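Input: one structure, supplied below.
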Amino acid sequence: MNPIKHIKIKKGMMVSELVENMGDAGFGAKKINQAANILIDMYKDKDCKIFLGVAGAMVPGGMRELIVDMLDRVDVFVTTGANLTHDLIESLGHSHYQGSETDDIELNKKGIDRIYNVFMKNEVYPDLEDFFEKNWKHFQECKNIKEFLWKIGEIIGKGLLGKCYKKKIPVFCPAIADSGIGLMVWGRKVAGKNIHIDAFEDMKEIIDIAWTAKKRGVIYIGGGTPKNFIQQSLQFSKGADYGIQITTDNPSGGGSSGAPLKEGISWGKMNKEARFVDVNCDATIALPLILGYLKEKI
Amino acid sequence: MNPIKHIKIKKGMMVSELVENMGDAGFGAKKINQAANILIDMYKDKDCKIFLGVAGAMVPGGMRELIVDMLDRVDVFVTTGANLTHDLIESLGHSHYQGSETDDIELNKKGIDRIYNVFMKNEVYPDLEDFFEKNWKHFQECKNIKEFLWKIGEIIGKGLLGKCYKKKIPVFCPAIADSGIGLMVWGRKVAGKNIHIDAFEDMKEIIDIAWTAKKRGVIYIGGGTPKNFIQQSLQFSKGADYGIQITTDNPSGGGSSGAPLKEGISWGKMNKEARFVDVNCDATIALPLILGYLKEKI
Amino acid sequence: MNPIKHIKIKKGMMVSELVENMGDAGFGAKKINQAANILIDMYKDKDCKIFLGVAGAMVPGGMRELIVDMLDRVDVFVTTGANLTHDLIESLGHSHYQGSETDDIELNKKGIDRIYNVFMKNEVYPDLEDFFEKNWKHFQECKNIKEFLWKIGEIIGKGLLGKCYKKKIPVFCPAIADSGIGLMVWGRKVAGKNIHIDAFEDMKEIIDIAWTAKKRGVIYIGGGTPKNFIQQSLQFSKGADYGIQITTDNPSGGGSSGAPLKEGISWGKMNKEARFVDVNCDATIALPLILGYLKEKI
Amino acid sequence: MNPIKHIKIKKGMMVSELVENMGDAGFGAKKINQAANILIDMYKDKDCKIFLGVAGAMVPGGMRELIVDMLDRVDVFVTTGANLTHDLIESLGHSHYQGSETDDIELNKKGIDRIYNVFMKNEVYPDLEDFFEKNWKHFQECKNIKEFLWKIGEIIGKGLLGKCYKKKIPVFCPAIADSGIGLMVWGRKVAGKNIHIDAFEDMKEIIDIAWTAKKRGVIYIGGGTPKNFIQQSLQFSKGADYGIQITTDNPSGGGSSGAPLKEGISWGKMNKEARFVDVNCDATIALPLILGYLKEKI
């Protein structure tokens, strides 16, 4: 048994040193270190295809660059339509803003939308409209959600979608209709402009990758549809060999977002010999720590 | 100010009496009563179109009949593919089982899938396959997710989907590919059997209902895609006039599932004069209480 | 394996029927039923000494009568000074009030103290002062916290402390100084009025009961000092044979309030053959359900 | 409004740089930065008396050195008996160990006590016994809890208590009986060895400090008795001018541990012009970040 060594803060201490120290502590600190080390092994394992699932408003929360960086090693990216909409909004030149849990009636009058302690201006919507209006003919060529998202990435050339397109990283978003991007498509469709995006077509690709990979690693930030979509693609494979989950939800309600990774072993979504850890923490705190360690060690 | 009156338990006490008593107490008890009373007013308001969003594994958790009953008054039903898959599994004659948080490796060997303290047998999958194989030609006629789900309901004739079909309740599931039902469609598609379900087509209908309704009521059980899909359809309407949210997640991570309803006011998803309440509770406990009160009062 | 049977709400349904139905469901609903059944067996077991620990503001929350009723069967009662202060405040004729999560600066101006969605008026303090001033000589006779609390109960004759005194139920409150009652004692002490209450003296009695009981049952509402004080008295006994815990906290931070009961097995605080269940729920919702079932079955 | 700037990880990045970056992000990351900056201002304000409350098993979790460091600036320290017991255990030469959420029955057989993912050996108890047996006569001189704890600190000369004694920092632990240290005192008392520690005596000192300070700063790690004991000492002062709370509990159950700091404004425990922030995070993750920033900036 390893004795707990107490964390010490030194002047000039690096993030990687802190996470190293956390590895000698307990509770969540230890789990941050475990996650960081599992991630390193996952990254280093050349046989391992990495599936990254991101739910929660990570782009408004300030995690966009970190996720863009992760895409350098990720083989499959699954996220919510909300994150992709917020990504596109920033690619179009808009910002999200620091706010507070304040009077929502006042915010509404000012045309400001609140996401916990982050604000967004309603003035983003006309620019979103323009973008889709102007580029509509390109989207009409797309047959599945991934092609549609890559097309946005190709046109916009930056952010999460720009990176996915450039690096040809399959990006999936099963609930794409459930987002601001969805609203833009709806706007064109009600105006009589056709588009035919198949709801199921992407499944073949994600399942092919899951089944043919020599090894599989999963990174779940926040549960939701991204986690579940990755998990089901793994269900009839040999299961994930590496796993990290960062969530603020808890298991007691029976939902997938709070379910611990080990539950996935029963389903075959997680391999019974897998190395994995659940980190119960706000991802905007946990993720920079984990990636700060990774940066130094790889 | 109303003084707190302490809850008293009497022999033979009815659920509705307990919830009535809760209305004189504080904390979550008071919120159960508030939710029940808002629900009654929502139900009674003939101008009010009701949008029910259900995330979390409510069918495995034993809430199927309660939700089927709610559909009698609901105008729009949005849920996860998981809930609809579990619903179909039960409609095909299978059960879910009471389990515990036990050894997942053992469960995997026995072909049992765990959802917190509920089990499902892997033997459901061949019957799911048969159902889709046998009825495939009917599904090939469907052009959007709602038609596809109604078709399942028409064929199976019971459960959530049977009820939606019979009562012609629009049922939406933006992330349908993210589910066991999705896997079944995938299985046919990889075998070369065509189907063309559009990912965005349902948006027109839900937004039409949201925008044309005289009033709007929302019931969110568990957040996730169902909550968000309803919220976005309301965003450019006058917002919901009544709202109930039951969730075990909390706001601190910035995600939609834990966000309080009042945040929706800034976005215009919730009307600034709306009556609404957040119930922080496992829905398998809160929902029967709320509906038990409703049963007596309507 | 027992199949999940879905909860059905009937007109006129009793609380006990609902909890019976919950026993056929999953997730938290099932746990409410398990807790109720364990409680019944604990109550019926004549060899079993029952230790009730209550943290959290259960008196302001409207749970006072329920806890008073539980004392009929409880052998040891441990709670926070806050609960006992709120109990005394009500015994002195004051009420707590239904409130909301509103502007705390406004409340402060009005002399109102907020406890989540419950209010208390500052005008309770002069009456508390009077009570202690008038009865001070009686308290000066007390040598330990239990005697002191019984003395309050003897004088006031009602509520939690009245019941404890009348039924000679040992009532312990290790952190009594940490409460409004503590402030009242402090007020007298700074005025030069003596009192000598020993901080450790009660331990002998609770440990004696724990060690000499044939069997032990524990009921923890909300963790904190009450849970821990009971647990440590059991640590070197044979451990609890029955256990119920109702909490909204979770294990991830490593604290006792969110720790699952099974952790106590390692310490010997819980017997390895014990029957126990953790209910993750607001106690103001869970407790009335559990006691409603009990009322019918005993 | 400040635009969100996305966190970027650089090679060699310091903890203080990360926390600086977090100040430009949202959600919990932003709150870490806010807490760090409020702490700096609190530390720098020479008129400010700082009250540190620590609940939760922070010593087993690996936070002992960080808290020892904080004591250099802290004017009043309130914690649980558990933390002080674990502190003494380490001062006696024992360690806590890294563990996992494993089979508690096995652990019990091996004489290992589990605290989430941290282990402690039962073999610590004989050494604790020896310590109190050997030094009993010194403790018999003590009249209040603070004197008793300082005496331990004087004898043991290190750790939290050693530091409090050396620096003459008032250390309060209202529920001292509720701890392993309490058990040791009990063991002597049942053997007929006298000691007279007054349960209320410490209140005078903490309230004096609270009322006479020009300004007041509060740091609550984990809620519980330490938070409440500090808050009540502030209730009839002008309230805290600075505040930080780090907790994994949430407000929904109405308990103090999850209550947001702003609730304290209604009570007068927090000044209405105070600068404060609630950090919803495991303290073993949040605290090193906050202190890492502080180290660089002061």
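For clarity, chains are labelled A, B, C and D in written order, and residue numbers in each chain start from 1.
Quick note on the criterion: a residue touches a chain if its C-beta (ideal position, glycine included) is under 8 Å from a C-beta of that chain, and two chains touch if they have at least 3 such contacts.
Because the structure is a prediction, the values reported are computed rather than measured.
A.B. asks: Among B-C, A-C or C-D, find the interface that matches B-D: by residue number, over half of the contact pairs should be common to both.
C.D. replies: A-C
A.B. asks: Please compute the C-alpha centroid of subunit A, do the same for subunit D, then give the distance between them in whole Å.
C.D. replies: 35
A.B. asks: Could you grab the centroid distance between subunit A and subunit C? Build each centroid from C-alpha atoms only and quote it in angstrom.
C.D. replies: It comes to 43 Å between the two C-alpha centres.
A.B. asks: What whole-number Å value describes the gap between the mean CA coordinates of subunit A and subunit B?
C.D. replies: 24
A.B. asks: For subunit B, jot down the residues that touch at least 2 other chains.
C.D. replies: Residues 26-28, 57, 60-61, 115-118, 248, 250, 252-254, 280-282, 284 of subunit B each touch two or more of the other chains.
A.B. asks: Based on which chains are in contact, what kind of graph results: line, ring, star, complete or other?
C.D. replies: Chain contacts: complete, every pair touches.
A.B. asks: For subunit A, which residues count as touching subunit D in their complex?
C.D. replies: Residues of subunit A touching subunit D: 1-18, 21-22, 24-32, 57, 60-66, 69, 95-99, 115-119, 248, 280-282, 284-286, 288-289, 291-292, 295-296.
A.B. asks: Where on subunit B does subunit D make contact in their complex?
C.D. replies: Subunit B residues touching subunit D: 26-28, 250, 252-254, 280-281.
A.B. asks: Can you list the subunit C residues touching subunit D in their complex?
C.D. replies: Touch residues, subunit C against subunit D: 55-57, 60-61, 82, 101, 104-105, 107-108, 112-118, 145, 174-180, 182-183, 185-186, 189-190, 195-204, 207, 222, 224-225, 228-229, 232, 235, 247-259, 262-268, 272, 282-284.
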